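In the two assemblies presented below, subunit A is common to both, partnered first by subunit B and then by subunit C.
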Partner chain A sequence: MKKYDVVMIGGGHNGLVAACYLQRAGLDVLVLEKNDWVGGAATSRELTPGFLYSNCSYVCSLFRPEIMRDLELPKHGLQVIAYEGGAVFTRDGDYIASYRDHDSHRREFARYSKRDAEAYDRYARDVTRQCRFIQPLLMRTAPDPFSFKPRDISELLYLGRKFGEFSAHDMAQTLRFWTMSISDFLDEYFETDVIKAYLALSGIIGTALGPMSPGTAYVLLHHYMGEVDGSVGAWGYARGGMGAVTQALASSFRASGGTIRTGADVARVMTRGGRATGVILANGEEVRGNLVVSNADVKRTFLKLVEEDALPETFIHRVKHFKMRGSSGKLNIALDSLPEFPALPKNSSCIRGDLHFTDSMERMERAYDDWKAGRYSADPFIDMVIPTTLDPTMAPPGKHFMSCFVQYCPPQIEGRDWTDADRDAFADTVVSQIADYSPGFRDRILHMEVRTPREIEAEVGLTEGNIFQGELTFDQLLFNRPVPGYAQYRTPVPGLYLCGSSTHPGGGVMGAPGRNAAAEILRDMKLKPAEMSPAHDVI
Partner chain B sequence: MMLEMNTRRALQSHIATPRFETPFHPRIATLSETNDWYAWAGYKAPHSVFDEELEYFAIRSTAALFDISPMVKYRIAGPDAERYLNRLTVRNVAKLGTGRVHYTAWCDDHGHVLDDGTLFRLSADTFRLCCQERHLPWLLDSAIGFDVEIEEETMQIAGLALQGPTSFAVLSKAGFDGIERLKPFQLAEFAHQSGAVTISRTGFTGDLGYELFVSAEAALSLWDRLWTAGQLHGIRAIGYAALNRARIEAGFIVANADFMTAETTLRADRARMPDEIGLDWLVDTEKVNFNGRKAILEARRNQTLKHVLVGLEIEGNIPADGAIVYHRKSREAGLVSAAIWSPLAKRNIAIASLTRPYGTRLTEDLWVEIYALRELQYQKMMKRARIVPRPFIKLDRRAATPPGLF
Partner chain C sequence: MTSSDPARNTASAFDAIVIGGGHNGLTAATLLAQNGRKVVVLETAAAVGGATRGYDIHPGYRSAGLAHIVNRLDPDVAKLLTLDVRTSPGALLPTVALSPDGKHAVLRGAYGETIDGISPDEAKAFAAMRKKLMFQAGILKRFLKRRPPEIGKIRLNDLGAIAGAGLSLITKGREEGRDFLRMLLMNVADVADEYLSDDRLKGLVAFDATLGIHLGPRSPTSLLGLYYRLTGETNDKSATQYVPRGGMGALAPAFEKAATAAGVTIRTGMSVARIIADRGTATGVILASGVQVTAPIIVSAIHPQATFLKLCDSGELDTGFVRAVSNIRSKGNVAKLDLALDRPPAFTGVSPADHRGRLVIARSIAHVENAFNPAKYGEFSPDPVMEITLPSLADPALAPSDGATLSALVEFAPYDLKGGWESGKPAFQKIIIDTLERYAPGLSSSIVASHLLTPVDMETQYSLPGGHWHHGELQADQLLVNRPVNASAGYTTPLAGLYLASAGSHPGGGISGLPGLLAARHILSGGRA
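Take a look at the complex of A and B:
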C-alpha cells in the first residue's frame, strides 16, 4: 500500500493552500475530501441548471495576494473583481449607500448627518491604522510566549517592536479595539443609528455575539484588513463564484503533481506509538502517511477524529471550550431577473455591492436576543449580494444568482435539532424581509437553497456551521488560537498538524493559516519551500 | 441628529454628479480653453483655464479671478464664540477686531496641527473659519460647554479670490465704494443685488488682492459684475497651477501638501506641531487655555521638536519638488514639498521640511538631489541649497492703502 509523505484531511481552501506549498517543496501529498467536490466553504456549485452558487462564502478580500502569486493562481483561473460599496435600506423608504469615491461617500453620509459625514475620515483612519498593525502578523506564525526558543523570543520582540512603532495613544487604541463592542466603538465616531448599523455588520458576521457584546470591534477589523490588488479594505467577487478560488488551488496542486481523492470521508486519524501514521476512511480503508494535516476545525479534528486518550486532559478541555458556535445561515437563490428596489435610484451602483435591511443597532441586538433564546431571528440581518451584476459566468444572461448571508441562526432550535419545517420557516423570514423592499421578489425565484447550521455542518463539516472555525474574539486569537501552547499548527500528537481557520490568523477565505502551517511543517522536516513570499510590506 | 426624510430624499441625486460644480462653474467652463479640471474637495476645479504660465502673469501683472468655493467654511456664532475660538485655535482671538481676518491654526491634544486656515470676524459674535480639511466633529466636540452654534456652510457660500495689481481698480470700477479704505486683513460688507458680499483684503498670492464671499445664488451675478468691470484692467480667470506658483513665492504652506494634518495621518510620526511647520509665530502662549498648549510648551521646553520648515534657495533653475535634502551631500536632512523657478524673484525657490538639527543648528552645507527626467533619462544633479527667509518675494503694492490704481 502506498504511503504518502503527507495526508491532508479536507480539501478546503486552507487545506489546498498547505497542500500546494508542501507538494511544491517536493513532498508527495494526498488530499482527502469527503464530498464529491473540493472547496470546503469556498465552492461554486451548479445546484440548478445554468446557475453557479457561491453557496458558503460569497465575497473575497482577505485571500492573501502573496499566496495567489506563489501558487500561480491567476494562471489556474483565479480572477477577483472588486465591487463598489453597497447600501442599507431604511424602513422609511430611503437607503444609505457607501461609495468608493471619497466625496460621494461623504455626501451620502451627509444626507443623514453632516457631522457623521465628516467623522467618517477619522473613523477610517483609525481602522486603517489598526489594520496596518495587524496585517503583517497574518503571514507569521504567532509567537509562543510559553516557549523560550530563540525564534519565539525573536517573534515576541517583533510584536513588541511593531507595538513600539505606535504612539502610546495608538497602543491604548489597539487594546480598546481588541476588547470593545462594535457598538461602543462606533458610538465614539457617529451619531446616526443607521450609519452605525451599516458599519456594525462587519463586527458580528459569523460571530455568536451581538453588536453590544465586548470583543466585536476586532471582528470588524478582521474584515477590513483584506484587499483587492492593493486597494486595502476593498471586497470583490471571485469570477465564477468562490469555487474559483479552490478550483484554481486544486488545479495548481494537481499541476505540481499532487493527488486529490474526493468522496473520501476520513473517520479516524491512525496513530502508532503516539504518532500519527495516516487515516482510516469511513469505509474502513486505511491511508498511510508520514504526516497527517487536518484542514478540519479543531473540534472536529480532536473530538471526532483522534482518540481522546492520545490527548492531554487540559488540551481536550480547551478544545471542548473553544467557542465555535453556530450563528448564521445562508440562502442561495436563482433569480429569473434582476430584483428591483424602488428605494434605489435608477442605475444605482449599490445593486452591484452588498445590500442590507437592518437599519438600527437595536434591531441587530434584538436579532441576537433571539439567538440567545435558541431561536433564529424573527427579524434577521441579511448580507445580500448579487455577484452576477458583475460576473457574467454564474448565471445565464439576464438571470441572476443572489447570495444571502443570514444571522442569527442557532445550531439547534430551543435545544432540539432542526427540522425541514424549521428550515423552511427560517427561509421565509429572509424572503419576506427582501420582498418588503423589492416588490415581486418571490415571483422571480427560480430555485433556492437554504442552509442552516445543520446543513453547513453536514456538508462542509464546520462544527455548528461556524464559518470561521472558531470565533474571532481576542481570547481566541494569536497564541491563544486554537489552544495556548498549540498555536503553531502543531498538536499534542506528533506528526499531526492543523492548517484550517481554527488556527492563527483565523477565518475568512484568507489562505494564511494554510500557508503558515505549511511553513511550520517544512521547518520540522528541514525542507525549504519552493517559493513562499514573505508578507508584503506595509509601508 | 438625523436629517428628516424629505431632506434626505432630495439629496439622493448627489450621486449623479460625483464631482460637484461650484456656483461659478458655468462661467469658468465657458472660459476654459484647456478643459483641464481636477478634483478639489469633491468639486470640479480648473487646474488651468487657458495657459498656466500666462495665468500666473495675470496674478502678477493685472488681475486674476480664482474660484475658492471648494474651501471648507464653518460659521461659528454665539455669545461664547470668541471664548470658544480662543480655546480651539492657537492664536489670540481677543486681539482679532470685528471686521478683521487672521491666519491661524488649531491643534489636537498632542499639539499636532489639525489644519491651518483663515478666521473672519464678521461681527462681535460671528465668525467664519475657512480651511482645507473637514473638521465638523472636532469643532462640535470642542463646543461642549460653550454657548456657540457651528454650521458647515461650504455649499451655501461661494468664494472668489481676485488677486493682482489691478484688483483694486477692478473693484472700484465695479462700484464697491469704500473699498479703497480696506487695509490688509480687513473685511467689509458691500451691497450686491438685493443682498451683500463680504470682501476682505486677503489672499494666497502675496500680492495686492481680495477675497469675496457671497451666497451661492448671487455668485454668477457677482462674477459678471467683476468680469465686466475688469475688461479694461486685464482680468483673467485662472486655475490652481498658476495660483500655486504665486503662493510658493509668497511662502505660504498648503495643508496635506507641505505638512500632513493630524487627523489624516496613518503613521504616528507624520503629524507636526506648529513650530515644526513654521507656524510658531501664531502660538500665543500668554493665552491660559488653548488646545495643545501644554504639549507645545513641553516640546519647546524639552527641545523635543523634531522638524522645521524652511525656505530654500537652490542654485540653478531646475525646480526641486519632491527632492531629498542632504547635509554635506551625504546625510539625509529632509524633503522639499514645493518648488518652482520664481519669475518674480528670478530664483530657484523651495519650501522644505528638515529634521532638526538640520535647519536649526546645522544650516550650512545643505544640498538637494534633483532628478530631472529629460527625454526618458534622469539627469541627476546635486545642487547647493541655502536657507532663506519666507516670503521669497515682498511687494509694496500688497499693503499700500489706499492701493495703487494700476
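Take a look at the complex of A and C:
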C-alpha cells in the first residue's frame, strides 16, 4: 500500500493552498475530498442546466495576492473581475449607491448629507490605517505569549517593534477599534442612518453578532482589507464563479505532481503510539501518511475524526466550547432575465455590484435579535449579487445567476432541527423581501437552491454552518485561535496539523491559514519551501 | 467693567480650584489640601456630595442618593474620611437572587463564598468560576489603582506593574495565563454557560456584569463589567458590599467633613461658567455670577464632556480632540425608583435578616438579554431587571418609625426614550411596581409615595450629562488609555494646569474615590505618579 508524505483531509481552498505549497517543496501529497468535486465553500456547481452557481462564497477579494503569485493561479485560469460598487434600496423607494470611484461616491453620499460626504474621507483613511495594523499579522504564525521558545519571544519582540513605529495616537485608536461595535464606530463619523446601514454590513457578514455588538468593527477589517489587482478594498467576481479559485488551485497542485481523490470521505484519523499515521475512509479503506493535515474545522476534526481519549482534557474542553454558531443562509437563483429595480436609474452600474434592502441600523440589529431568539430574521439582511452582469460564462445568454447571502439564520430553529418546511418558509421570506423592490421578480425564477446552516453543514462540512469555521471574536483570534496554546497549526496529536479557517487568521476566501500551516509543517520537517512569498514586512 | 466693580474682583488666594463637589472632587481636594495646597471646591448645587446627595421622596421619607450600596470604596480613600466605613466583616451584605417561585439563591460573604439554596454540584461549579474570575480580576486590579500607562511612553513603574501582572499569571501556570487572555474580552453569558447550570445564578452574574452599561450579557466584552464589580474592595476584601454605619446618607457628610478638616474651602451654589485659558494654559475660572477665580491648578471633577464642550473655549482645543470628546458614549440606561412605604415590605421566601441585603430580579441570562434588546432602539424594558435594597433598615431616619423605604436600580431605561420620558415614566413606573408586587405581595398597597428618576432626571438633578453614573460608558474602548479620550487619559488635558478627576477618568465610576485620588496624586507628584 502506498504511503504518502502528507494526507490532506478536505479539499477546500485552504487545504489546496497548503497542499500546493507542500507538494512544491518536494513532498508527496494526497488530498482526500468527501464530495465528488473539490472546493469546499469555494465552488461553482451546475445545479440546473446551463447555470453555474457560486453556491457558497460568492465574491472574491480577500485571497492573498502573494499566494496567487506563488502558486501561479492566473496561469491556471483564475481571473477576478472587480465590480463597481452597489446600492441599498430604501423603504421610501429611493436608493443610495456606492461607487469605487471616489468622487462619484462622495457625490452620492452628499445627496443624503454633505457632512457625511465630508466624513467619508476621514472614515476611509482611518479604516485603511487599521488595515495596515492587521495586514502584517495575516501571513505570520501568531506568537504564543506564554511560550518561552526563542522563536515566540523574538516574534513578539518583532511585532512589538513594528507596532512601536506607529504613533501613540494610532495605537490608542487601534485599541478602541478592536473592541468597538461597528454601529458605535460609524456614529463617530456619520449622521445618516442609511449610510451607516450600508457601511455596517461588512461588520456583520458571516458573524453571529449584530452591528451593535462590540467587536464588529474588527470584523469590518476582514471585509475591507481585500484587494483586486492591487486595488485595495475592491471586491470582484471570480470568472466562472468561486469554483474558479479552487479549480486553479487544484490545477496548480496537479501540475506539480499532487494527487486528488474525490468521493473519499475520511471517517477517522489513524494513530499509532499517539502519532497520526494516516486516515480511515468511510468505506473502511486505510490511507497511510507520514503526516495528516486537516482542512476541516477544529470541532469536526477533534470531535469526529480523532479518538477523544487521545487528547488532553483541557484541549477537548476548549474544542467543545469553541464557538461556531452559524448565522447565515443562502439562496442561489437562476433567473430567466435580469430583474428590474425601479428605484435605480436606467443603466446604473449598481446592478452589477452588491445590493441590499436593509436601510437602517435598527432593522439590521432587530434581524440579529431574531437570531438570538433562535429564529431566522423576519426582516432579513440580504447581500445580493448578480455575477452574470459581469461574467456571462455563468449562465446561458440573456439569463442570470443571482446569489443572495442572508442573515440571520440560526443552526437550529427554536431549539430543534430544521425541516424542509422551515427551509421553504425561510426562502419565501427572502424572496418576498426582494420582490417588494423588484416587481415580477418571482416570475423570473427558473430554479432556486436554498441553503440554511443545515445544508451548508451537510454539504461543505462546516459545523453549524459557520462560514468562518468559527466566530471571529477576540477569544478566538490570533494566539487564541482555535485553542490557546495550539494556535500554531500543530495539535496535541504529533503528526496532525490544522490548516482551515478555524486557525489564524480566520475565515474568508483568503488562503492565509493554508499557507501559514504549510510553512509550519515545512519548518517541522526542516524543508525549505519553494517560492513562498514572505509575509508583509512593511506595515 | 471697572476695577471697582466688586463682582469682577480677582481672587487668587488659591493654589487649586476643584470644579464639582462630588465624592471624587472632594477626594482630590482633600488630598491636595492635606499636602499643603490651598483648595477651593466650587459646587453648583446647594450641597456637596454629587450622586451621594440625598433627596426627599415624601414628607417624612428620604432617599440617601443615587447609590444605595457601597461595593468599591477604595481603602486609601476610606482612610481620608473621618467616618468609620470600615465595618466588621460580619456586616457584609448578602445578595439574594430572587426566583419567582420563592426559592431563592443567597450569596454570602465576598460574592458568594458560600451560597444557600443551590445544589452541591452547582455550588462546586460556582466556586470554580468564582475562583477563576477573582484571580483574573486580581490581575486587572493592579491597573485600576494606578494611573493608566501611556502608550509609546511606558515608564519604569508602568513596566513594574505590567511585569507584576505577567509574573502572577505565569506563577499560576501557563494555562491560567492563556485562559486570562482568552476570557478577558468575552461575553459574560458564554462564561456563565461554561460553568453554571442554575438560571438564578446565571441571571445574577449577567445582571451584575451589565448594570450601568449599555450591553447585554451576550454582547462581547460584557465580562469586563463583572470583573469591575469583583475588583471593588471594601474592608480590605474584594467583591464585598455593605452599607456604612448610619446608612448611605452618612457618605456625603463624611466626604465633606474630611475636606473641611483638611482645610478645603467649599463654596456651594457656585456654578462655573468658563474655564479661562490662554495659549494652552488654564489660569482660572469665571463663575456664572461673573466673578473670576484664578489658580495655577484647576481640577475638573465633573463630566469630561461638560468640562471641554461647555466650559472650555473650543479655540483653545484642537478639532480632533473636540471630536473625540464629543464621541464619548455617555447615555445612561438605569432608572432609580424610590418608594415610601407605610410598612416594611416582605419578599416571599426571603428571611428577615436577608431583607437587609441586595435583592436581584434577573431570572436568567435570557431575561437580562431580552430586557436589554429594547434599549438599543430607545425603548424601555417591558420586563425589566433590577436590584433592590431597603435603605431604611440600615438608616431608620429615612422613614417614619412604622414605615420603610425601598430603592431599586432598574434596567433598561435608555436616556433617549422614543416619545420622551414625560409620557414614558408613568408606564415604566407601573411595570416596575407590578414586577415588585410579584415578589413581595401586598407591596403596592403599602405605597405612600413613589419617586422615579430616569436618566434624564439624573442629568438635570445631578448635572450628569446623559444621566450616566460612570460619566461615560464603561466599555473596553473607553477604558485605560482611552478614558475619557486618549489625549486626556491619565488626568492631564491639552490645557496645561487643567486636570480631570471625575468618574469619566480612569478607572471609572462607582463610589470609589479612585479617579479623584489618582488625579490628586498625579498633580502632587509633579507629573511623575
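We take it that the second predicted complex is superposed on the first by the 534 of 539 C-alpha atoms of A that agree within 3 Å, B and C clash if a C-alpha of one lies under 4 Å from a C-alpha of the other, contacts with A are read in each partner's own complex, and residues count from 1 in each chain.
Convention: a residue touches a chain if its C-beta (ideal position, glycine included) is under 8 Å from a C-beta of that chain, and two chains touch if they have at least 3 such contacts.
Here the structure is a predicted model, which is why all the values come from computation and not from measurement.
Engineer: May I ask you to decide whether A:254 touches subunit B, subunit C, both, or neither, giving the answer as first, second, both or neither?
Structural biologist: neither
Engineer: Mind working out whether A:399 is in touch with subunit B, subunit C, both or neither, as first, second, both or neither?
Structural biologist: In the superposed model, A:399 contacts neither subunit B nor subunit C.
Engineer: Does subunit B (first) or subunit C (second) touch A:447, or do both, or does neither?
Structural biologist: In the superposition, A:447 contacts neither subunit B nor subunit C.
Engineer: In the superposed arrangement, does A:475 touch subunit B (first), subunit C (second), both or neither?
Structural biologist: It touches subunit C, and subunit B stays clear.
Engineer: For A:323, decide between first (touching subunit B), second (touching subunit C), both and neither.
Structural biologist: Only subunit C is touched by A:323; subunit B is not.
Engineer: Under the stated touch criterion, which partner chain does A:523 make contact with: subunit B (first), subunit C (second), both, or neither?
Structural biologist: Touch partners of A:523: none, neither subunit B nor subunit C.
Engineer: By the touch definition at the top of the document, which applies to A:268: first (subunit B), second (subunit C), both, or neither?
Structural biologist: Touch partners of A:268: none, neither subunit B nor subunit C.
Engineer: Could you say whether A:167 touches subunit B, subunit C, both of them, or neither, answering first, second, both or neither?
Structural biologist: Both subunit B and subunit C are touched by A:167.
Engineer: Across the two complexes, what residues of subunit A are contacted by subunit B and by subunit C?
Structural biologist: Common to the two interfaces on subunit A: residues 167, 169.
Engineer: For the complex, which residues does subunit A have touching subunit B?
Structural biologist: 92-94, 97, 99, 101-104, 106-108, 110-115, 117-119, 121-122, 125, 128-129, 132, 165-167, 169-170, 189, 191-194, 345, 348-349
Engineer: Please output the residues of subunit A touching subunit C within their complex, sorted ascending.
Structural biologist: Within the complex, subunit A touches subunit C at residues 145-146, 164, 167-169, 171-173, 175-177, 179-180, 184, 187-188, 209, 212-215, 314, 321, 323, 362, 365-366, 369, 372, 473-475, 479-480, 484-485.
Engineer: Within their complex, state which residues of subunit C touch subunit A.
Structural biologist: Going by the criterion above, the answer is residues 150-153, 169-170, 174-175, 177-179, 181-186, 190, 194, 215, 218-221, 323, 327, 329, 369, 373, 376-377, 475-478, 480-482, 486-487, 489.
Engineer: For subunit B, which residues are in contact with subunit A within the complex?
Structural biologist: Going by the criterion above, the answer is residues 1-3, 5, 7-9, 11-16, 18-20, 39, 41-42, 110, 134-137, 140, 152, 263-266, 268.
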